[in-house]
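Working notes, structure below.
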Amino acid sequence: MKVSIIGTTGYGGIELLRILHNHPVFEIHSIHSTKDEVTIWDEYPHLYNIIDKKMEKIDFDRIAEESDLVFLATPSGVSGSLAGEFAARDIKMIDLSGDLRLKTEGEYEKWYKKTPAKDEVVQGAVYGLSEWNMERIRDAKWIANPGCYATAALLGLAPVIKENIVEPWSIIIDGKSGTSGAGKSLVHTSLFAEVNENLRIYKVNEHQHTPEIEQQLKEWNSGIRPITFSTHLIPITRGIMATIYVQLSENWDNKRVMELYKESYQDAPFVRVRPENNYPAVKEVVTTNYCDIGLNVDERTGRLTIVSVIDNLMKGAAGQAVQNANMMFGLDQTTGLGFLPVYP
Amino acid sequence: MKVSIIGTTGYGGIELLRILHNHPVFEIHSIHSTKDEVTIWDEYPHLYNIIDKKMEKIDFDRIAEESDLVFLATPSGVSGSLAGEFAARDIKMIDLSGDLRLKTEGEYEKWYKKTPAKDEVVQGAVYGLSEWNMERIRDAKWIANPGCYATAALLGLAPVIKENIVEPWSIIIDGKSGTSGAGKSLVHTSLFAEVNENLRIYKVNEHQHTPEIEQQLKEWNSGIRPITFSTHLIPITRGIMATIYVQLSENWDNKRVMELYKESYQDAPFVRVRPENNYPAVKEVVTTNYCDIGLNVDERTGRLTIVSVIDNLMKGAAGQAVQNANMMFGLDQTTGLGFLPVYP
Amino acid sequence: MKVSIIGTTGYGGIELLRILHNHPVFEIHSIHSTKDEVTIWDEYPHLYNIIDKKMEKIDFDRIAEESDLVFLATPSGVSGSLAGEFAARDIKMIDLSGDLRLKTEGEYEKWYKKTPAKDEVVQGAVYGLSEWNMERIRDAKWIANPGCYATAALLGLAPVIKENIVEPWSIIIDGKSGTSGAGKSLVHTSLFAEVNENLRIYKVNEHQHTPEIEQQLKEWNSGIRPITFSTHLIPITRGIMATIYVQLSENWDNKRVMELYKESYQDAPFVRVRPENNYPAVKEVVTTNYCDIGLNVDERTGRLTIVSVIDNLMKGAAGQAVQNANMMFGLDQTTGLGFLPVYP
Amino acid sequence: MKVSIIGTTGYGGIELLRILHNHPVFEIHSIHSTKDEVTIWDEYPHLYNIIDKKMEKIDFDRIAEESDLVFLATPSGVSGSLAGEFAARDIKMIDLSGDLRLKTEGEYEKWYKKTPAKDEVVQGAVYGLSEWNMERIRDAKWIANPGCYATAALLGLAPVIKENIVEPWSIIIDGKSGTSGAGKSLVHTSLFAEVNENLRIYKVNEHQHTPEIEQQLKEWNSGIRPITFSTHLIPITRGIMATIYVQLSENWDNKRVMELYKESYQDAPFVRVRPENNYPAVKEVVTTNYCDIGLNVDERTGRLTIVSVIDNLMKGAAGQAVQNANMMFGLDQTTGLGFLPVYP
């Protein structure tokens, strides 16, 4: 099975390379960039003597003809138009950007402040939240791979939202992310001297994953009201933690909530619901495709605190993309993703 | 004016030394530790050739006789009994631990799981939240210096709580702290290899600053209900951010909230309310006594997000202690605290 | 092929687990610790739902009977006596500590300041520098796995030392290491607040890898004189860089030196000699078994600068141990070690 | 005494602001930038409500007329031409860049690969290594402030070079620096995700401080031969360590060397020679103007290891600039520089 990757100069693309290089079924046929044609290790010396491929210009026809699947690891605003081209050809496609996720007219422009992709591609793309959308992913031709924050938040919220035991107006998601999420763009706020020993809130009530999270929550439970979602930049390279606060609408205690989550994820190999009084730290999932979840109901307030952690480049991007690709091609979803967390 | 410091082997004590060494009025008379008598730079080589004082055993009588003020920079559980001794002698005292803060019977035992200090000392100690308790601090003999998280949270919440425009059950404080707050104790969770590149939630719904925050909120507004307060360990040495979410009970927009805060803190030299759309990062206050506050009302939800940042060792400990000492001795509250933030 | 690991509570042991869990030939039969018998994920939650093994007490007879190979991931001073016990039984053994490395009488006591292991075990243990000692490793029963600094330094120096083109008194190794090398011991110098934003030299002219490096250099070239070796603690979790300075004794330029290294390591899958003007950074090898080498001859001084980087827990410990195990059992040396570097 | 600062958008300029804001004699008259005229806290929010000055365009005549001293905190290549303009007017000047340091024709072009400043300005500028050039600094009109690496290296080497007890060809300086030295330039190698958890050697045998160090060493001791100087990027914001290796030409032991250094620096308030077996860490000087030095003679090799640490933005830039300014205006050299190190 041959795959092509577009956008291998970014961190998402390079993570796809790391996974796919050892994947037993998918073979990296070609890698592409809009930059000059250089050998990949010229840009990423850690690949020296391991991957000698050149990054090629994007030839839509050739890629569609020679490959079975294309990954778009390009930024939002770029992916959209590339997706249109590939959609017009006969090739499966997984887009890691936000360009194919928002289905309601006007939402993309409002939150991304960019020109949206063609509506038929957007509507045709299946939202690739692997654990909760399996059926449709298996049959999908195009996948809109979920955002990193959205993945952590949605996996954390799914059981209580679907069970309808949360006050619909009470959802608050305090997001915390490492800097690789911002990619390799040259901006002052990504400089080491600005990020290190610092902690910063950004895009307050304006983060573009807000409508993505709400869209999926409403699909599960149409009564859900607007959420509060804030995002913080943490001085780590990889990792996202979503600390989620919801008011439980019925009298659910720790034990019942725990059971609900254990049951919800009993068949999900990448979601680990921690035992009572055990909360995940990001380092415990980083470099892997796991999403770990910790839970606590405070009897003083009736509020549930959900702690959900992922590696933003794995379960939040490349890892989930490969998980989805596995499903699209009828493989076991864990194929090629059996990494253990690097610790410490 | 002579001062003595108890507990100079900890990070709070060493920060007191840094401030007081250049203070124009207070003079460090003696420093004390329960450890062996060694020169301070033996333990802290950064003080080599600057401070040559020896750490002395604690002689209550001599300290009370020779000094005008004693700072207790000892841990919770230790401060309490020392405070009893000094309270029995004629000397002013500022305790940086949590031992003199909780006034309601049983609360200290419940949250700290330790033996409380003598009730008369606890009741006699004024809560040293400098900006909001000035009158009583000026006349105080004993000060219970506020906790680091509590300071960030309370300064962030005070204006809306006192104005009574918050739904009383809606207060959620997502706290994020650097590791110096945990002090120099040798525990695995403080090792570099465990903290670095990691992000961890701890004491979920169990943090001992919870009752301290609630006690003060209720003093301002008796209707306040139990809060949700969570704490996260961030891989930075200094700094706390409290991201606070409250449901506004009336129709207050960004502009009115901003005005309320600007007015509330117009005479507070150490509280900087940021302009609209400008949010503080911890590095912008670290090494100083500032508390910076950013505000945003989300019209979609009617929720106010308050971002409050401090240096946990300064405004969250030693800095506020000196600010209080200044007030106790009739000095300008900023005396000796005019540091600019070290940046980057 | 069954293996047992002693010392799985340390970072070396846990890294062995990470590698061996996915190894196609070796199967982890049992894990052991001197601590209480707990499930491994109790101590290391990142292994939750992945490895459910309990750490067992050390039963020498049973291990020797049931396993084909035992890894000692125990600290220097502990390994020595365990090694004696296993040596008395019929089982292959790889010791990751320094206890079996120094062959000259008195050297171990002098540099480690501990009681040495039995001389027959020390003398019988083959020094496991994989690339340069293959023949003996293949036939070995006991392996003294090299130290992390020693591995980086020796792989960097081997070609010029063996070629005898270095002034024998001119070897200076400036070592820089992350903190995982110090293990999980609770010491103040390993606390986050002490390591972070800091840089420290330690054991100046006293590091215990000095005699290990000299012993091997002299085996290659008996004229080698005492080296200068200094070690610095860098605020990173993993990674070692050895910057090595040697005076070239003949008129060798960059090009000839580069050719010598390329040739020396042409059959070494884990040593990557970088092209001219390309120098390795530690992040480019971390999480893998690679040792990357960069070279520069300064014509102004006739001095060669060698930059050698490894992951101290992989090529500097567990990775090389598995590489050696592969060779001992006739497998390809790369078996189970085909990780790509995690980047960024 | 009025001062102007050119280049306040850079880290060196902002550090000058931090020092001078509290300086008892110098008053910041104006701050200048080549960028748009914005209030300084717009660029650096940590100065909000503290410094409200606007950055102004550079008007040479007005600055020369209104100020007594101008600091050039502009990059190499920019300072040179500005310096020419100010030199033509009647104003004292301290240049923090490398543009006025190298006195030998052709050296600047060779190492900086830029157009040099006017020769009369270069020759007229006194090299501002405060501790060793006091007489000339006091009488100087123009100061070439030393480079950060050069300061650490030269203060570490001065005593043994002047005493002529070092083999003239044996000087090796292994430099390690935090990232603030690279300034705020937007380059990939300064991104958090690239610097964090990494360690990189750069400009191998090509660093532009090499000729600066050699020029001063030769002034002290004309027999000095070319040095080896390498530089490494460490994931810290501030701080430089120079680990220096020299072959002692005579039979000097630890004690004699220690005495030589203690004596050499007995009148230098900012140089702290550590006691035997005590080595400085960068965090012990960061945020201050101290240079701390540790020493060790290895009897096995006759080599002296010198460890010299500074804060690159203080003693390596703005701090030493103010120290020099103090001397130029007849003040005590420590005026306004009495900071204690921030620790931890």
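Per-chain residue numbering starts at 1, and chain names A, B, C and D are given in the order in which the chains are listed.
One rule holds in what follows: a contact is a pair of C-beta atoms (placed from the backbone, for glycine too) under 8 Å apart; a residue touches a chain by one contact, two chains touch by 3 or more.
This is a predicted model, so every value here is computed, not measured.
A.B. asks: If you apply the touch rule, which chains end up adjacent to both chain A and chain D?
C.D. replies: Neighbours common to chain A and chain D are B, C.
A.B. asks: Between C-D and B-C, name the chain pair that shares the greater number of C-beta pairs in contact.
C.D. replies: Comparing C-D with B-C, the pair joined by more C-beta contacts is C-D.
A.B. asks: Approximately how many whole Å separate the CA-defined centres of chain A and chain C?
C.D. replies: 37
A.B. asks: Express in whole angstrom the distance between the two chain centres, defined as the mean CA positions of chain C and chain D.
C.D. replies: Centre separation, chain C to chain D: 38 Å.
A.B. asks: How many angstrom between the C-alpha centroids of chain C and chain B?
C.D. replies: Spacing between the chain centres: roughly 46 Å.
A.B. asks: Can you list every residue of chain C that touches 2 or more other chains, as numbers and ranges?
C.D. replies: Only 11, 180, 193-194, 196-197, 235-238, 281, 283, 344 qualify.
A.B. asks: Applying the document's contact rule, which stretches of chain B touch chain A when the two form their complex?
C.D. replies: Chain B residues touching chain A: 169, 172, 174, 176, 193-194, 196-202, 204-205, 225-228, 230, 232, 234-239, 241, 243, 245, 279, 281-283, 286, 294, 296, 298, 300-301, 303, 305, 307, 309, 344.
A.B. asks: In their complex, what parts of chain D are in touch with chain A?
C.D. replies: 11, 179-180, 184, 186-188, 190-197, 235-237
A.B. asks: Can you list the residues on chain A that touch chain C in the complex?
C.D. replies: Residue positions touching the partner: 11, 14, 17-18, 21-22, 44-50, 180, 196-197, 237-238, 272, 274, 278, 280-281, 283-285, 287, 292, 338, 340-344.
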